[in-house]
């Protein structure tokens, strides 16, 4: 598989009022993303609440996405992460059958790997279940508690995992990230996972991002990338600041669930995040709407 | 259910050389625990590698334990923890069918609850699937990353979860622990989960412990409890020090997997811990044996 | 010097409305402590705001305490901690001249020692400036960020520091604490530094505590120690719970500065804590007073 | 004062074999920095071991630097940080008398400020002692433990501290950093403090860095800045990677003290770091030299 170029959204898990997943919403969701030039869907990840879904629900969502993306320009990457490599390997096999373009693996987040070697061995067990599929590692230590440097991981994993394709890098260690970009002459696809500072990754040579805000603000980031590519850094910085202002509302309104509020704002009601994630009340949503309007960035939101 | 009195072992998951679970070893394991006066088995927990097993494997183990304990004085508590309350509720239902005496719930360890309320709500969803079973909360923040105070949790959960029975408390906050002991006139069963300082919990009124070293050193702890109960504190302290010296070898030899090495030392080969946990090499095991012998505590180990 | 037996208060730094230290208040303060059976004053520590005072102010306070304690049964321990061992050694020399009974040393809290050896070497440089004074190490990792185990420290320091007398242990690692109690047949004076769980230290053989709440609630703790010593554990636990309820108000009202509010409550106006510590407003103090009254523990407070 | 443009070195504290500071080495040191186009000296900081020196030693060093820089193009910024604002204010006054160009203030690192307001108030007390001097805040949470966001700090401090000039930002929060750059139309001088990823700060509009490796590798960074400014990003990335490879040796050889080993390598013997910092042995230094030679980056080191 070629390296990704552009924005990969981490889709939300659409749920109805009763908290059940709504696979029927995914075809339209996929179309919407493609319309906004998104090139991939990283499903069942943090934004997609993979850890809060049952194994069966994740399969239903995976199948809905591969069906929806079939005739579209959107690639599907399915996170098969978990704490049991056996169960993740089963998910990987199902993903292959369902026709995903790639899988992604998460560091185990209960028992933390002692080092890069143990982490690579853990991933290898899963990757070898699907030798023909590209495999990404999803590095998000703030949630997994696994702070192994990715350059150390690549040194171990490059020998152990022939189908390793790259890393979704959701951490602020640009020293480590640049080292990974340069590792083995740029063999691995290094995708940036922090929307709020992607400009600092672009300058290092990164060409793609995986994030939650690409669901609803893809135009903002494509404008930023264009500005960066044409050397208009003043504009790029201004757009990054707008992305920051937008993301700061996530903190103000309680965290990750605010992403679904942004989706609602642009017209998609995907319900609530499951427990233990906290959702905002109806009252807070009204205040949130006011705050979003005050940002005055309508043209930068994705279009239905 | 009455409060527990005595030692509850957190059994290891017996595995063969190929890394497959060996349910057939459990009947003998259970008999051995009972022979050493252990009063309960807290299965599929940290020591039992619940997070590293597949859902199916956990069910197999659960059924083997309830079968083995049926005509014994050992109660079975099954940890149904996970990050998806839906999946945990399914496990709870299976546990009830399999005939466990109680279930235990873990804080979700990927998305961390925003506070005591979210944690209690998460647990309530699981507990209400099995309204007739006693439910324990398993507090182990060093692994889950959920540092909610248990006194705050009880204040929320006591109203929400009628079948809440108590807490397995694996954390060193004795201020919080004593507050829980006193909460609602001692309504909840507070079981201590740190073998290395259980003496400091006994003085607070705690009457039971759940731990991994009770698998192989139950006599040590029963002697300590007896000494404490008869006011022979000098002996109790000496025994606690021996427990510390024994537990310090876990750190020296790489952590939790050393527990299976202790089991091997006293005659049970339960295989390795699964990845990402690191196991000691055969060479290291020889050194470990020497270190154990140097402790000179044979009479305090459990008897086959 | 014999080991301490009983309560050592960590006195507050008395300040006037302008935020200047008031050494003239110390004679009366010392008398008050003695009247309440306090056996030592651990000055210029965390409670005493040593780190917020200038070198000169600390000297003034030290001299006032040694003068005040001269003909009393109160021993004075002066914390000479800092991040520069040279400056701490100078303070140690001054302490000796001023006539303190012992000094205490803190782990350096900017550059953290790489391990027990570096920590012991750092302390040795200070201790050797005052070879005839007993030296205590003050272990409070939550503030210093130095999480070296004290048993490892003792193993290094016992050979390097002939005048090492013991440790003020302000951390919740009872496994480490008990190991230190047993080290070299109990050579070192292990003083407990967490008032809220001192009962769990008493059972391990600890005979003294150093804390801030001994300033205003010495009777509570002496009652607890008496109850423990006579085997009346139910009473000891109830008193520990009252200490917890009292200490919980520190958290509710913003932290360490609440200690000075307790002093005000019993009749000593020692002013505010210096920046960056936050003090409660006059309004909050009124609510605090109500909360203290609701605890209904007047007889357990120290008497003027 | 105009904003800085270029590299500001954080000089090491020159010490002799006995561990005494050598102010006589500073004139030559200053000349060497200027020769390598360094535009400022940030003295008594982390690299300069300010926290390990006595107040008197810091004054001696300050005076030596202002004397040395007098007729040079190097500006002197003196870190007057500490945990007592009174003592820091005294240092600030002395700095003004000694003729520094600016002072810098550190967050107090024992008691941590409750929030941005407390931090700003603490700094204000020091800054108001020297109203005519520009004041920088030195943000290095990994050492101070104060993780207040700088955009929140600026919002408080901009009103309280008229002579606030900017921030030395030694932390990897590019979202916060960019927000500070844009705050009040770019009023504040935002200097980057992490040499290993300064390229990711340049793209955000940052024009200066303060760091330890600028002592010995200024040409590397000036080449990087030139490449960035002319749009030659491939070269800029390659140079950043060389900086990373160089900096990785600090981790390999034990940390901050390795900086003095680099100085020795290029011809300056500045002795050891004081305790508690660990220094490398003579044997390790030989291996270190081999590793440095293997980097093959001689032309990028500073020239004597």
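Read from first to last, the chains carry the letters A, B, C and D; within each, the first residue is number 1.
Going forward, a contact is a pair of C-beta atoms (placed from the backbone, for glycine too) under 8 Å apart; a residue touches a chain by one contact, two chains touch by 3 or more.
Note that the structure is a prediction, hence the values are computed from the model and not measured.
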Angular offset of chain A relative to chain B [C-alpha, multiple of 5 degrees]: 180
Proportion of interface numbers common to chain A and chain D (over half same, under half different): same
Between chain C and chain B, distance of the C-alpha-averaged centres to the nearest whole Å: 36
Separation of chain B from chain D, taking each centre as the mean of its C-alpha atoms, in whole Å: 50
Residues of chain C whose C-beta touches two or more other chains: none
Category of the chain touch graph - line, ring, star, complete, other: ring
Set of all touching chain pairs, with the criterion as stated earlier: A-B, A-D, B-C, C-D
Of chain B, residues touching chain C in the complex: 172-175, 178-179, 181-182, 196-197, 199-205, 228, 231, 233, 236-237, 240-241, 244, 247
For the chain D and chain C complex, residues of the former touching the latter: 46, 51-55, 57, 83-87, 90, 107-114, 118-119, 121-122, 125, 143-145, 254-256, 274-278
